[in-house]
Amino acid sequence: MCASCRTLSYFGEMRVKVTVLFFAALREQLGRPREELDLPSNINTIGGLRDHLRARGGAWASAFAPNRAVRAAVNQDMAQPAAAIKAGDEVAFFPPVTGG
Amino acid sequence: MKVAVQREDFDLGAEVRAISKDSKVGAVASFVGLVRDVRMTLEHYPGMTENAIRGIVDQAASRWQVMDCTVIHRYGELQPNDQIVLVAVASAHRGDAFAACEFIMDYLKTQAPFWKKEHRAGGAAWVEAKAADDQAAGRWKS
Amino acid sequence: MKVAVQREDFDLGAEVRAISKDSKVGAVASFVGLVRDVRMTLEHYPGMTENAIRGIVDQAASRWQVMDCTVIHRYGELQPNDQIVLVAVASAHRGDAFAACEFIMDYLKTQAPFWKKEHRAGGAAWVEAKAADDQAAGRWKS
Amino acid sequence: MCASCRTLSYFGEMRVKVTVLFFAALREQLGRPREELDLPSNINTIGGLRDHLRARGGAWASAFAPNRAVRAAVNQDMAQPAAAIKAGDEVAFFPPVTGG
């Protein structure tokens, strides 16, 4: 974990900086390819981050609706919902892949 | 082992020759995927893509006798009949070459971060993943 | 469907391009068999050879979705690293292309009348057929 | 069956003319690539012809010994020992194939 990624918020609460990337239909629907996030430290799994993003409502609520198939990667490795995320990680969300 | 993610087209004959030079190679199985009727854009996840493909190739090489292997996957704008993907596996034996080649293709389809957007007359749409592809990759677990 | 039995070498890239032109083709699986370390002479049964290969190709086309197919088998004198055989199958789908290509190779190995004679330092000797080849062809019966 | 292929021998016995081809190790061992045969009509299967050739002794006895794997074709189609042969047929004997 990089020291600069872990910061204290105004309230003294521990925050975790991560980069979140979005691809394909998800990128278009959310109107952005990436975002730098400063997460409360209780959001420490892929599943937790997904819930956190869904709670923003609007396009976020539908993009991350429970019935939407969304895949994730942590630091460029495919990751399951239970996978841990920590400060400095590169997290990506995307639809099931369709290459080949 | 060569892995390339590129906009440019590739030359099957040249790629297969390049992995056939060792006189212990007796078999080269290869696969080319092509764009069917519809113009498309292929998006990918730079950085992860090559790593994911290398991981798939390493798995194949740990399961079968693979003497050399080349995987090339294109991204960007592609026209009908354009080549999309090449997998070529050189081995001493044909069974290993075929199995490793098909395994790599099946895993590419479910594990490599590429997404196809088709441009039809009615508008553009992202291709939906197929359950058949998950099944094809899943059968190698047995 | 093209079947050729010839002394001359062949060009994998050109052969695959020739069966990839239809924009409904989405997948081409191909196989090249090569001479390993030893110089050899390939004898065949002129007349029967092409018929046997056509029979094998027809069987494959009745079992899988095959849009086009090319089989080339060489005979005569071959040097280490020379190409011996090419099988290429074009289909809409990769599963059909792979299965038909491997089926044709497995049946070629047991049904097409070719015989290899290896020329080693110690003298020339006919290659013995392998039980593994009969098993490989047999598994398609299930 | 071609009329000219079926002939009467000196003893009035029916004879059946066939062409027999030999390939690879068998061709070398027998010292010939082909032979025109005028068979007694009771030799009318691949297995029967094989026994007939083995009975010549010498190289023929070892080439067609029961423990030697020999394959056959009738009119350029792979054939089993029970396959019928008739006048005018092209019969071939050869070792198990090793191409590909």
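Just so it is clear, A, B, C and D label the chains in written order, and each chain counts residues from 1 on its own.
As a working rule, a residue touches a chain if its C-beta (ideal position, glycine included) is under 8 Å from a C-beta of that chain, and two chains touch if they have at least 3 such contacts.
Remember, predicted model here, so these are calculated numbers, not experimental data.
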Chain centre separation (chain A, chain B; CA means) in Å: 28
Rounded Å distance, chain A centre to chain D centre (Cα mean): 76
Where chain A and chain C are represented by their mean Cα positions, the distance between them in whole Å: 50
Whole-Å gap between the CA centroids of chain B and chain C: 22
Of all residues in chain D, the ones touching two or more other chains: 100
Residues of chain C whose C-beta touches two or more other chains: 33, 94, 105
Pairwise touch network: line, ring, star, complete, or other: line
All pairs of touching chains, each written as two labels joined by a dash: A-B, B-C, C-D
Chain D-touching residues of chain C, taken from the complex the two chains share: 33, 42-45, 47-48, 51-52, 73, 84-85, 105, 108-117, 126-129, 133
Interfacial residue positions of chain D with respect to chain C in the complex: 21, 23-25, 27, 69, 73, 76-78, 92, 94-100
Chain C residues within the chain B interface of the complex: 11-14, 16, 20-21, 23-37, 80-81, 92, 94-95, 97-98, 101-102, 105, 136
